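Should a chain be cited, it is by its letter among A, B and C, assigned in written order, with residues numbered from 1 in that chain.
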Amino acid sequence: MKSSANKVLLSGNHAVAEAAIRAGCHLYFGYPITPQNEIPEYMSEHLPKIKGGAFVQAESELAAINMVLGAAATGRRVMTTSSSPGISLMQEGISYLAALELPCVIANMVRGGPGLGNIATAQSDYFQSTRGGGHGDYRTITLAPCTVQEIYDLTQLGFYLADKYRGPVIIQGEGLLGQMVEPVELKEPDKKDLPPKDWALTGAKDRPGRMLRSLILEEGILEEHNWKLNRKYLEIEKKEKRFESFRMEDANLAVVAYGSVARIAKGAIKRVREEGLKVGMIRPISLWPFPGEAIRKAAEKVSQFLVIELSCGQMIEDVRLALAGKAEVNFYGRPGGGVIPNPAEFGRVISRNYYQKVRKAR
Amino acid sequence: MKKVFERPRLLKPATFHFCPGCGHNILHRVIAEVLEESDFRERAIMIAPVGCAVLAYFYLDIDVTEAPHGRCTAVATGIKRAIPNSLVFTYQGDGDLASIGAGETLHAAGRGEKVTTIYVNNANYGMTGGQMAPTTMLNQVTTTCSAGRSAEREGYPLDMSKILASLPGVCYVERVALTSPANVQKFKKALRKAFQYQTEGLGFSLIEVLSTCPTNWKLTPVDSLKWIEEVMTKSYPPGVLVDRKANRGDSE
Amino acid sequence: MLTKMVFSGFGGQGIMMMGYALANAVMKDGHEVTLLPAYGAEVRGGSANCTIAISDDEIASPVASAPEFIVVMSTPAFLRFQNHIKSGGMLILNSSLIEGETIREDIKVIPVPAGKWALELGDLRVANFVMLGAFARLTGLVALKSLEEALVSLFPARKAKLLELNQRALRFGYQTIEKEEK
């Protein structure tokens, strides 16, 4: 039994809000959308009570993300949250945030799409988050929690990384994770070694004026700007890959899954292990940068990978890229917005894949 | 025996998903009744909003498309320009029209698009569980202004009908409170007139309906009607805000 | 061991409060726990339910396709959930409100007149915690004392009277079932 002395029960949505407030994010701009309304509601209740805090219900997600842009330009910590259709509307702003190198955290409690879809949980926004989403040559750090505690931790980490690398960070939540309630330890955020915000617009008192711009017409300068951004992305790829490795020590088959699906798959793996199947899991925690080496390295011992997603197959492309044909990659997925699979279902799929391979090998 | 009450033909045999006592229930029925008259049905194309009324296509047996949240009048513009002879109308909540879709609304009206908008004002975001809307009145409590809307914190409510009525491209704006059979008749009359003006090519028309949302107001259906009469109509007084044909003196 | 249960009734019966109280108590006792409220379209029509999973190991899914225990506080909840319960499981129903019998022969059905007992305490609104007390005794999943302590974090300090009443309700439900068992 673990110590639970300083734990509290929080829903995933409230954990996002509480983590942000404790990380010093006292500015929030957002627009209602299910299944994440508990976040703006919580913020509207708490932020006005904090000195210097502000909550604004924007007239749209388009406005919300640009309010975030403005607040981020002043160097203060700021966030917005939404769910899939709202995040789509924010893409223009996210492209500008990346171009202007402004730190902020954006949480997406993914729901079923495309279009209006429905409010049930899904993982169908993987491409949108990891490929930039808007126009231009940019990337957004994307962190995918699988428990409420991790939602809390990664939200705080998100603010840290946003400040460290100057850019928007996406917390890839899911409807289910936002709604569920779990014990959470309210840790204090890490703030060490962050660079000074010597770019922030605070009024040019006793210093030359500063500018934030993404319109770059001078010959060769836009290219230089993009190279600079690229160097930053390469550094992030080098330093900020995160994943969890579960029972990989003797595995013949490796499941690759993230978020809610990973926790359900973990239950499935425990079941099939009891039947003697040697199965493990690699769970990407950062979806971008994607922990490709970890998967490539696993392929030295594992010949079969099974990607499971609550979508028709998005992350599988990154797994295939990482493996570059070194191992067999299979897929099991269901479109989001429907039934939440259970460990028994995943267990059956894992066994089937496992034995098919063994039969082929004979 | 003479039938005095029957289901409008254009109302599909489906059960409304709306809460008991919700104004959307009445509006859908009345729209079906108006559309049954004359040749409206065969020309009508409706744009359903994102909001509690998104499922309009399950209930009305006419051509209906969905639009992204707030974009109804832009979609309406596209349809009307493609088929100028069609009868195009949007059905939008106050969040859809006055918040996220304020830009589209203002510009469709500004251009004088020959389309009609039914604007359902229930002073909150019904579908998402009762958050503040641009129409939420000062001191009104919602889930994102739990201390009551304050001018200082959340700012003042927006009266879109009033703003739109000032635009030259707008031919007709009327506000009705959906609180009694007599008022329902007023709405019917207004809708017929708006459709008529659209057919005559007079410009953009809009009917604002003060409509109940007992669930999020946390009132009984009966008290909700009272609340419209006693509270909402103070901020949003019913009546004709503009009628350019009548003003020109050549109305019927 | 992993145990899953569903609490269900209509909105206003304090179903989520029951879930929060139980989850809080087992958390303080050092167990893993998840609580999942039904959300969205499901909530329309005035129903309310939540699923709780308790374990000493990480919990894979907060969803329960076949829970061991189901508490139903209203007739619609009874009709909807009686078929979900795991074979050999236990259905605890609020017999003050629910009439009708289950067709299941493979489960244990325990009527608890939570409404009636709450009225004996002078307030129908505490039927939820009367039921939760009875639930604790019937399932042995959580100690009465843990639940009583968990309630402290659910009621703000200025509502001491309400806290006391609800704690009394817990004890009443627990002890009345205990007496009946003897």
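In the analysis below, a residue touches a chain if its C-beta (ideal position, glycine included) is under 8 Å from a C-beta of that chain, and two chains touch if they have at least 3 such contacts.
Note that this is a predicted model, so its numbers are computed, not measured.
Chemist: Hey, which chain is the most central one here, using CA centres?
Modeler: If one averages C-alpha positions chain by chain, the most central is A.
Chemist: Going by the touch criterion at the top, tell me which pair is linked by more C-beta contacts: A-B or A-C.
Modeler: A-C
Chemist: Find the geometric centre of each of subunit B and subunit C from their Cα atoms only, then give the gap between the two centres in Å, rounded to an integer.
Modeler: Once rounded, the distance between the two centres reads 43 Å.
Chemist: Suppose each chain is reduced to the average of its Cα coordinates; what separation in Å results between subunit A and subunit B?
Modeler: Distance between chain centres, rounded to whole Å: 39 Å.
Chemist: In whole angstrom, what separates the CA-based centres of subunit A and subunit C?
Modeler: So the centre of subunit A lies 35 Å away from the centre of subunit C.
Chemist: When you check subunit A against every other chain, which residues touch at least two of them?
Modeler: Touching at least two other chains: 34.
Chemist: Give the list of subunit A residues in touch with subunit B in this complex.
Modeler: Residues of subunit A touching subunit B: 31-34, 37, 40-41, 44-45, 48, 55, 57, 59-62, 85, 115-116.
Chemist: Of all residues in subunit C, which touch subunit A in the complex?
Modeler: Where subunit C meets subunit A, its residues are 19-20, 23-24, 27-37, 39-41, 56-63, 65, 153.
Chemist: What residues on subunit B touch subunit A, complex-wise?
Modeler: Within the complex, subunit B touches subunit A at residues 50, 54, 66, 68-70, 95, 99-100, 102, 125, 127-129, 131-132, 134, 143-146, 153-154.
Chemist: In the complex of these two chains, what residues of subunit A are touching subunit C?
Modeler: 1-4, 7-9, 34-35, 118-120, 175-176, 179-183, 263-268, 270, 340, 342-343
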